[in-house]
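The data blocks that follow each hold one structure.
Okay, so subunit A shows up in both of these, paired with subunit B first and subunit C after.
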Partner chain A sequence: MYRQKYLFLTPGLIALVAIILFPLLFTIRVSFSGWDVYNPGLSWKGGQNFSRLMADSRYWAALGRLSVMAVGTVLIQYVLGFALALLVWRDVIARRFFRVLFLVPMMTTPVIMSVIWRTIFHESLGPLNPIIRGLGLPGVPWLSDPVWAFVAVMLVEIWQWTPFMFLLLLAGLLSLPSEPYLAARIDGAGPVRTFFSVTFPGLAAISVGAIVIRLIEASKILDTVYVMTSGGPGESTETASYYIYIRGLRDFQIGYSAALSIIYLVIMIVALTIIAKLLVRFLVRPAP
Partner chain B sequence: MARIELDHLAHSYAPDAPDPAWALRPIDMVWEDGGTYALLGPSGCGKSTMLNIISGLLRPSQGRVLFDGRDVTALDTGRRNIAQVFQVPVIYTSMTVAQNLAFPLVCRKVAPAIIRRRVGDIAERLGLAPHLQRSAVGLTADHKQLVSLGRGLVREDVSAILLDEPLTVIDPQMKFELRKILKQINEEFGITMVLVTHDQNEAMTFARTVVVMNHGEVVQAGTPQDLFEHPATTHVGYFIGSPAMNFVEARLEGGMVRAPALGLARAAPAGLAGGDLALGFRPEHLAPDGPGQRVGGRVTRIWFEGLEEVAEIARDDATFRARVPSGMFRTGDDATLALPDDRLLVYREGRLVV
Partner chain C sequence: MTSRIRNSLLATTVLSLAALPVAAPSAWAETPDYAAMYPISADVPGVCSFEAIDARDYSGRTLNIITHAIPVIGEPTALHAAQFAELTGATVNVVHVPFGDLFQRIMIPFQTGQAAYDALFFPSLWLGDFNPYLAPVPEAYRETQGMQDLTATYRGVATWNNEMLLYTMDGDRHYMKYRADIFDNPDMQARFEQETGRALTPPATWEEYNEIAAVFSGWDWDGDGQPNFGTAEVTQRDDLMFSAFISRVAGYAKNPDVTGGFFFDLETMEPLVNTPGWVRGLEMFVAAQASMPPGGTNFGLGDEIFSFGGGQTLMSYSWDDAFIQAQQEDSPIRNSVMPTALPGSTEVWNRNTGEWETFAEPNRPGYVTWGWTSAVAGSSQNQDMAFDFLCFFANEANTESDMQVGRYGVNPYRESHFEAAFYEDELGWTPEVSQAYVETLRGIDENPNRVFDLRVPGVGEFMSSLAAGVARAQAGTATPQQALDDVADEWRAIVDRIGADTIRAAYANVVALEDAR
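What follows is the complex of A and B.
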């Protein structure tokens, strides 16, 4: 019967293969090759890249750092975004102004803003340390101390992407029906109980969506690290994608960086699937 | 449980405007303890506004609300001890049925042992006992509505249950069941119940007193029988009864109110001034024969309604409807029916004179 359906499916399938499948398959092929600056081309090295990768402690350390950074920033973004959305949800003065203001960081270009932030964090010339000293506290070695540099990168990430959480959660809040709130008032619930019984469960599904989207995005963090610290001091702010960038585009070990990318992709898919499932179980799915 | 009094109550959503549009015009009304009341009227007539004022979700622009003589106008809704069931079933999605039912008591810090007993009793009464440990999200619409109702009933001292079109989203079959449960609960617990609806059938079968509203005003309050036999205005006549009441233009002639279009007449009451007059009669009060005046014309349409039919009968420019035994007429027949004199009502400027 519907034999012509393949005719209509073909353009879409071609685009799918060309855009998604081909680069992926090519990367997998490259990851088995010894392609580098001395021997460019698709040679065959078998699993050598992968066995080297298993022993590459710098890669695993970068992955560990990335997980801390991604989970940490996204959780803080979620809490802040939720708080801001609650702030301008109901009738407050200049509600529209604040709604736009809270979105501004997201509309800026990450690279440019990282440059600005690097200047702000500058230990002797930036404006931040004088302010801190003015408050009677000691100055902070923002970009030269391993821990503080990590904190600084996280701060910029949080600043830039909290508006995204804010936007999604505000949209969620605005779509909540009013009857449960009236019912909660009639049942005698106070504001805190109303939040945990009505608002939070009402936003559970959208929260999971927002957190997962942000985790995927946050795992790719590269530009902020590149501009602010270049992974330093030492390797203290080096994330997985930044390490892959170093191996691929600075050392031109194309084959090895392809192997790193593939393993990174597999780990991400597994980790995000588990996280999404856990979030759904604890936030969305009702009690048995 | 309480006797509810509305004292000069009025509400406008923009009370400071130079010409405020009244959602509810000034009104005085008493709802007796344990009674069943229905607020009936078209959308936007002010019935939900009135309900929200009683439950305390809305502060009236004027007047007072009294529960058992106590002024509660300024009291928050939680402290009025009112239960309200909304059109859309409201459940707390993260909780089980038992937790939902317990919620108002938990909010009021009642002892756990008492909560368990009350929840058990009410669940048993509403037929929710088998579902107690289930998540409330998975219930059907009518069970969810029962949970909403149950949250009102778990409080032993609840003043009244306000029902804001609670049966709209329920299947017809379950509607009947739910209405029965509501009536039983009213009889068992003696709780005042106020039902808001635009369905006259629902109002007439549920309530002992039906309050008909239009444009923010109470047009008539009375028993279903009263509303049917003596509609206070032509609006009530149209709104109550199916098919609607027949009205025909009339004029005052020598002590008689005459409707020449249908050849009907009745003696004018003493002191009736002229103006916009009409005669009204119910399609149900026309009989194949018997005492009274004759009214007739040509049958133009027939609606089948089981053992009975509704016939539309036209004479010159005027038409009227009659409820007659099935098969009595066919379209195109000439029909003559009898109308008892006391069933012919006189209206002036849309209001019942006699």
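What follows is the complex of A and C.
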């Protein structure tokens, strides 16, 4: 009778294995195969894909580029999201309107918005450069210069996902108790002191969650790069996920791209675990 | 005996009379006016005409088709699929896939043995990968008037190991386009002569092309108040840039006196991509960046079409699209543009002698590249219906209609498509433009020195590697020689992995086309 209770876990376990574990295990198996355009199937290649990967400088460069892009965009999103949340936290005119307005970018389809932004950044036909030139400044080679193309991709990411930070941090702000603010006011704390001593510590836990979630998402950036730059000029905007996409679905090196994905997954798990621990250690104060 | 005959006649008469009410409506009814029902000028009698397909009954059967996204090829597929369903009673499902996903969406069902699609539309250069999975075109379809009318070039493109596997419905090649109104303008001619010391003529070499492009860059030569530029080219890494680059290279590296491979030495399977002819082509490609419009170093095919077709640039080269865009009825430069063969070079690398050869007349190879095509899956349970559909798609009436809509991406591939009168009468082009168009296309078909796409297993990987190397040189992160040396190393690794003999066997089909003349 006591053991029968485990039967009730069976449907959930089957679903878990089918949905999460099987694809993961299958990907690991594929990563040891030579499945490509000419050799379909799960032939056993041992560690060949992994040794090839170690010498693949393009992959490691793409991973480095991704790190800069993900950390850079998420930090800026956090700062902007926090600022916007503070802006509409208190009573301001048309507060509800602004709250909805700030969320609009997040609700748009990334691939469509990338097409729109590509048009905006288009150096011959787009509207942005004429505006810049109208201000007396020279036009910017948004998508044809390696550095500017990187910046352009980051700008689109920041534009699209700052609302996510805004949403979480606003929810956090609205849930803060009012007593600490009352105490701070009685103690004569100014707005800056109040922010760093009351507001920011109060949002530390939710900040860590928001940053980690966004880092996970940002590390998968693909559609913006695909549409706006195709990884160029040269390889200046090629991220790890886009490189895996090229190897897997363009070049049809299924085995090799599976190996790239597995290593990518391992690196992400390790890196994000370390980042999350560091953030918790430095931002979240233990309760008194 | 007489009684038996009488009885037979009586029986026949009774049966005929009994059948009459059933047969009469179809036998006596007038043939429908298909031109009034569908967007064609007239149905053309034949095995796959509207009338012939109307007589088929595929009620209760389902045809699954995979094709490109709308509009290029995707839009005519959807149109003709709906017509086919209406005429035959079949249920026709059309799946539209963006180009970046099309290869794997076709290949994965092939490799896993699923009969996911009956009819397929894809670029013809994938034949090297897909050929084991395709059904040969049956003789009955090879004998149709439309098939008999294919040019030798596109018949060759559709054939693999002496078997026709592709159902041809498009013909593509690269050629050059230029603004004839500017080239013919005396003021422009004077200005060019003053700056360069030579007469302004359509470029016959890539050196001339770059020189003209440089002179006509950065100033308003068409008087619209906006600066114009010399050249629009497809330069975005993963957006067909490799085809543009091959056009740039062919004149230097495809020596008419050297047989046995353009991409590889067929005997040794040693890559030729880093030989001096290829490197020179890349140097010229990189140098031309200075004469491109702002953002021109990141132009995809769509950008190139709108840049030249919209009047921003003086010259361009690629497929028909930019030219057709410029020739649209609402185009401000309609009938002010001219097509001509790709430029070439008077210096051509000879890999047999290991030296540059000097030619009195520029070497200008034709580049037969890409071309959408169609086929039937070998695993399809509906091959009869699928071939009927492809035959219907490419019947004379539909093709004539499709060729008039630029965005459809259907370009000349039959002998009958090379009639200048068609473009003059149906599309409103001037006699000069119509004649030049037909002569340019015909010239590529008849050129004894031609380059075809690398149609071997793993072509996507080879071209992806090539594009990445070229992009590095364009971005200035590698010299042309370094970039192409890296590409050659990657190509060797791909050959080792897939197998030199496998690739050689496939590449022999391409070399046979190139060396046929």
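In the analysis below, the second predicted complex is superposed on the first by the 283 of 288 C-alpha atoms of A that agree within 3 Å, B and C clash if a C-alpha of one lies under 4 Å from a C-alpha of the other, contacts with A are read in each partner's own complex, and residues count from 1 in each chain.
The definition used in the following text is that contacts are C-beta pairs under 8 Å (C-beta built on N, C-alpha and C of every residue); 3 or more make two chains touch, one makes a residue touch a chain.
Keep in mind it's a predicted model, so treat the numbers as computed, not measured.
When both complexes are superposed on subunit A, subunit B and subunit C end up sitting side by side without clashing. By the touch criterion defined above, A:252 reaches subunit C but does not reach subunit B.
Of the two partner chains placed by the overlay, only subunit B lies in contact with A:177; subunit C stays clear of it. Once the two structures are overlaid, the count of subunit A residues touched is higher for C than for its counterpart among subunit B and subunit C.
For the three-chain arrangement built by superposition, the Cα-centre angle with subunit A at its corner and subunit B and subunit C at its ends equals 150°, in steps of 10. Once the two complexes are overlaid on the shared chain, A:188 sits against subunit B while remaining clear of subunit C. In the superposition on chain A, contact of A:144 is made with subunit C only, not with subunit B. Judged by the touch definition given at the top, the superposed model places A:201 against subunit B, while subunit C stays out of reach.
Measuring only between alpha carbons, the smallest separation of subunit B from subunit C in this overlay is 49 Å. When the two complexes are laid over each other on chain A, subunit A has no residue in contact with both subunit B and subunit C. Taken in their complex, subunit A has these residues touching subunit B: 177, 179-180, 182-183, 185-190, 193, 197-198, 200-202, 204, 286-288.
The touching residues of subunit B, counted against subunit A in their complex, run 55, 57, 76-79, 82-84, 86-88, 90, 92-96, 99, 103-104, 107-108, 135-138, 148, 151. Residues 34, 36-41, 58, 122-125, 129, 139, 141-144, 146, 149, 226, 229-236, 246, 248-253 of subunit A touch subunit C in their complex.
Those residues of subunit C that touch subunit A in the shared complex are 100-101, 103-104, 107, 111-112, 129, 236-239, 293-298, 300, 303, 306-307, 312, 457-458, 460-461, 464, 468, 471-472, 474-477, 497-499, 502.
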